[in-house]
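When the chains are written out, they are named A, B, C and D in that same order, and each has its own residue count from 1.
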Amino acid sequence: MTARPISIDVIRIPTSGPGDVSGLLALIDAGEIAPSEILAVLGKTEGNGGVNDFTREYAVAALREALAPRLGLAPHAVEEKIAFVMSGGTEGVLSPHLTVFTRKSAGNGAATAKQAAQADSKRLSIGIAHTRDFLPEEIGRRAHIDETGRAVHQAMRDAGIDDPNDVHFVQIKCPLLTSERIEAAARRGHMTVTTGGYASMGFSRGASALGVALALGELEAVNEDRVLKDWSLFSSVASSSAGIELMHNVVIVMGNSAQSASPFVIAHGVMRDSIDLSAVLEALKRVGLGLADARTSGRLVNIFAKAEASPDGTVRGFRHTMLDDSDVGSTRHARAAVGGLIGGLSGTGAVYVSGGAEHQGPPGGGPVAVIARV
Amino acid sequence: MTARPISIDVIRIPTSGPGDVSGLLALIDAGEIAPSEILAVLGKTEGNGGVNDFTREYAVAALREALAPRLGLAPHAVEEKIAFVMSGGTEGVLSPHLTVFTRKSAGNGAATAKQAAQADSKRLSIGIAHTRDFLPEEIGRRAHIDETGRAVHQAMRDAGIDDPNDVHFVQIKCPLLTSERIEAAARRGHMTVTTGGYASMGFSRGASALGVALALGELEAVNEDRVLKDWSLFSSVASSSAGIELMHNVVIVMGNSAQSASPFVIAHGVMRDSIDLSAVLEALKRVGLGLADARTSGRLVNIFAKAEASPDGTVRGFRHTMLDDSDVGSTRHARAAVGGLIGGLSGTGAVYVSGGAEHQGPPGGGPVAVIARV
Amino acid sequence: MTARPISIDVIRIPTSGPGDVSGLLALIDAGEIAPSEILAVLGKTEGNGGVNDFTREYAVAALREALAPRLGLAPHAVEEKIAFVMSGGTEGVLSPHLTVFTRKSAGNGAATAKQAAQADSKRLSIGIAHTRDFLPEEIGRRAHIDETGRAVHQAMRDAGIDDPNDVHFVQIKCPLLTSERIEAAARRGHMTVTTGGYASMGFSRGASALGVALALGELEAVNEDRVLKDWSLFSSVASSSAGIELMHNVVIVMGNSAQSASPFVIAHGVMRDSIDLSAVLEALKRVGLGLADARTSGRLVNIFAKAEASPDGTVRGFRHTMLDDSDVGSTRHARAAVGGLIGGLSGTGAVYVSGGAEHQGPPGGGPVAVIARV
Amino acid sequence: MTARPISIDVIRIPTSGPGDVSGLLALIDAGEIAPSEILAVLGKTEGNGGVNDFTREYAVAALREALAPRLGLAPHAVEEKIAFVMSGGTEGVLSPHLTVFTRKSAGNGAATAKQAAQADSKRLSIGIAHTRDFLPEEIGRRAHIDETGRAVHQAMRDAGIDDPNDVHFVQIKCPLLTSERIEAAARRGHMTVTTGGYASMGFSRGASALGVALALGELEAVNEDRVLKDWSLFSSVASSSAGIELMHNVVIVMGNSAQSASPFVIAHGVMRDSIDLSAVLEALKRVGLGLADARTSGRLVNIFAKAEASPDGTVRGFRHTMLDDSDVGSTRHARAAVGGLIGGLSGTGAVYVSGGAEHQGPPGGGPVAVIARV
């Protein structure tokens, strides 16, 4: 009989602002979260989700400063130990919150041999990896794709997941270009993939997603000039968010593992467009939740989804106006819409809907993953 | 045996821009719409839905100019004959479109005595009325409420509806205040209800809705100082949209009438918040549509809903950020979110979701009406 | 003695909204403007100046409908006769208005031989030309540049201007790409220069400006791949505005001509950045206006300027944030800032400041032209 | 002979983002700024300047954390020692920066008796005071006005300024209302002055300014119901900025004092509207700077100005559109425009232009203060 060595816990914590760490600290003080076991924190912060969304780096700074004394580490070292991914933009009913993932060794073997023998007894596990820092001119290109792929494999090993089919969500935090970074590359004689800051976020998210697709065998090969060009290339489980606060990729693999004794499981579906109700229902069903009990059973922990404005300008044959709106960015539109749908299905706006799904799911759609208590 | 004198048709037409009348003209040219029978046009246009949303008046101007020669009327007279209500804002998956309502006498009695005797055989009917022009200082106050109520009764008579329970949606177009109008009132020594243009839209919508509630007996009395103060006062069927292009209210009553021989019926539900999936399912059920066939049967004609950011800053206990966002107005957020939910349930973004639900449904919620083929 | 055959008048008319033609009609009714003599109308309208700024096409539609009966033309024919250029965006102190240019033959020779002999007695003249319609994939590329150049020469001839040094402002209205146009090209197997609607406005403005530079001999040659790449290439007098309402370029050349008997003259300066006070003062000086009398003499008719966010992200060594703002487009920022400066110098916000100065003046700067009564 | 006990230094430091403290730390490390002498830091940060502008609190948090170890204080205590005022919004050419004010005793008497005897030898001095925390329902009302007045007197004493005519700028940081704060007051049975977060910023700024006017004798009395109603009531030197990060007022008085041995002087003018070039020139002249040397002499340290959209909707008779723009807040428009004008006059965008000038200068205008090296 093999004991399961990994135990994963997932806690969702509402926040009152991007700098609010009081909920997390209260749970630590109450003994419900051990700081040393925190592996990753995924958050939704209430910025615009664009280039000048400083709520992401502010939230990370606040978390870092708050956890440093509790971990006995310098603030900088906290970021090396814990993967922080803040996704900006809580449009519509979306509600700012943190999802904290902890990992510990499961101790004296919670799992029985019988459980371990059953394929469907695999439980939630997560793993982390970082790439090296990228140069501005590497963002959105070959090196960005390949380094991401390597980090995915590393994170799978960290999670105790061998089979790519057991991977249900790969969250990536990736860099973006600012005017300063573009200029810096130019001074060294290098052209960046784009000279637009907002546009660079798409390239960075897209290249990261294609790196996931390669790593998981969803694609066999991809040329860097296909990024943001060939929408038939995508990963069904990649979710990437660009932020101003880093120059490398942080990769978090979420899946089910026979080595995990977690009380949670994860599954995913693929939304083919922004109104794909059926895909969300299917993902819920795969963790055992029907239309009614998703909202009422208390078993649902969180939903993770990517949203984007369909690049052909239509949804099921009807024109949308997201891409031609010069006042409100298309990622804000898309998060609000998909957040409304998932909020309605799950009965809460405290879900993780992230914008900009380039090469993450089919064009106009995106992956949707559900974590639920068994 | 009593013949049913009224026949109502409803046609949804996508548009390629606020000035696009080509779809309507094509249907007229094909003989599918008789210009003289057009009673009302409800549209969603792709502006910001705020004070400076000129897409509404542009769309009305385009419709007026296009229909004038076909009706043998001057452009100005077209607006007196047909009720045009343009609701600005097609955020997220919402898709710009027109819904054209036509009315003609049903000719040689399509309905039998048996049908007329059955309560459930009532069919879609609509009626129209206008108030007088308001002074800027009247907007959002007593006169605004009372004149709206009178117009509702007039429109019910026009629709052949006696029982307030047969009224399922009352669409109102109402005015707003601009800097110029506020100044004009001030020069005459009168204070308007607010000095903010954007804020005035809420007062105008709210007073209009309370006028509906009084007219339908949902409320017995209401004091003008309760507008935008006492959220327990509301109508379950009112839907008001403020626009810069008029200074009076246009009232369109939609309901079921024993005098109608229309192939359509209407029903409504009341969303208690922005994620109230159950209320939309209930409204669909009342016209005989289940979760699956709403999207696939082809019987659904359109859904009409109001959306707003919950004034207490939360949705089911979780904080939303719509009211504190100084970049994107809360009505844009709310339309996008509710549009995402209703788009998901109906399988299309070409639905009429309108923002700003003050006193239209409970705080944070709003009425939702469904028109379907029998 | 040679009589001067051309007489040009320039009238500035405030508007109360994009559809407001009442000021123009009042001047026509008062006999101050003869509809048949209207050559061009340049307007500032209060939209966002971006892709979905429908105030431009709404204003043109309103002008067309209003002038059609007074010209005895169909609305469509009015647009062929008169050049309408609406520039969206009246941020900050900028005030919506129309500038109407009329041209008639000067009749019984206002100018003397002595005047004609003096170089400095050249007076304001304007000329118009149109290019053919462009395909979506031509926008921002070779054909766009070259056709614009040809139209500039044609418009110079129309204005009676031979010497390129007498050209002080070339206003161009050019098309932009929408999702629909991009898709249309893709269906025919052609890639557009960009897939972003907002980005396409820059390509269109830039290619148009380079066409002007070639036509006036400011540049000897330019490769299409230099558009939005090589900022050292620019015209000192080009001003282009992109709009959704057309697929060709409209070119308006403004300069001084010995054939004109106008009471007005024009001159220009080149702002090297957004705060280049000296360049505006220099342009004012060239039409004989000092710092004080620009604001007080009543001789100033209008100022025409282009504004843009410096592409290197700084102004005189200090970082600006216009290019990294995902809430407000950089053209809105730039118009507001340059409008504030020119408004302060001219004592009015009713000036024509237009955004997006790609290849129009040096990077971060732009041309500024002044029309004044002699 | 009386030695002058106070020495004030003023240093302007560009920032690369709201969390950037590297410039300040470099000056500390170089010995140019002594942390213990820092009295106040005024900053411009690149948020939207609205309710959800978290760049202000992020910047303060970063400064607090950075200075804490250098002052040997806990982060919280740093905020009690140093007055931090961050004004959000760097639209147009405005450039994010910090202005650091230090104060030390002047040591061995830099000033002679002769200097002290001359009225015009008064030099720059500043003083600080805090009010108590306000309840949400106090903001914008009587208590807010009166407590601010008291703090102004306290700060004048701190600055060594007796004569109100020697006060040239009073910078105040004041609180705003959020949905949560409004709800909290409502739960205790109290109505706040407004239920709109953005609107509350105006009430808070306005009440603060009226407190300054009372304290300096500019007004004899003011009723709380005049706030945002009677625009004839104003202070010519008040400048208030609302922020989410505090619930009390911080008051910084800047003026000239015979007790100061600073190498700087301050003077002010009053802009009567957003394009009042003359007022800025006058303020520059009062510190001895002409039109040309403001930009070139190197003596100018910084300009501090307030900007707002004229509440009557016009500037010198021409309509502006700032108040009717539902996409971009009027404070963003006004900062951009006035920043453009002052940037042009001073040759740099690194000036302190702050939005929302309710009761700060005449309606549509605002105070403008200049600090220059003698």
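Simple rule for what comes next: contacts are C-beta pairs under 8 Å (C-beta built on N, C-alpha and C of every residue); 3 or more make two chains touch, one makes a residue touch a chain.
Remember, it's a predicted structure, so these values are computed and weren't measured experimentally.
Chemist: So which has more C-beta pairs touching, B-D or A-B?
Modeler: Pair with the higher count of C-beta contacts: A-B.
Chemist: Can you grab the rotation angle between chain A and chain D? Superpose on CA, round to the nearest 5°.
Modeler: The C-alpha superposition of chain A onto chain D needs 180 degrees.
Chemist: Using mean C-alpha positions as chain centres, tell me how far chain A is from chain B in Å, no decimals.
Modeler: 39
Chemist: Roughly how many whole angstrom separate the Cα centroids of chain B and chain D?
Modeler: 47
Chemist: Could you pull out the residues of chain B that touch at least 2 other chains?
Modeler: Chain B, residues with two or more chain partners: 16, 46, 48, 52, 180, 319, 321, 325, 327.
Chemist: Quick one: which bits of chain D touch chain C in the complex? Just the residue numbers, please.
Modeler: 14, 16, 46, 48, 90-97, 274-277, 280, 291, 295, 315-316, 318-322, 324-325, 327-328, 332-334, 336-341, 343-345, 347-350
Chemist: In the complex of these two chains, what residues of chain C are touching chain A?
Modeler: The contact residues of chain C facing chain A are 48-53, 178-180, 183, 195-199, 228, 311-313, 319, 321, 323-327, 329.
Chemist: Contact residues on chain A for chain D in the complex?
Modeler: 16-19, 46-47, 52, 54-55, 57-58, 61-62, 65, 180, 244, 327
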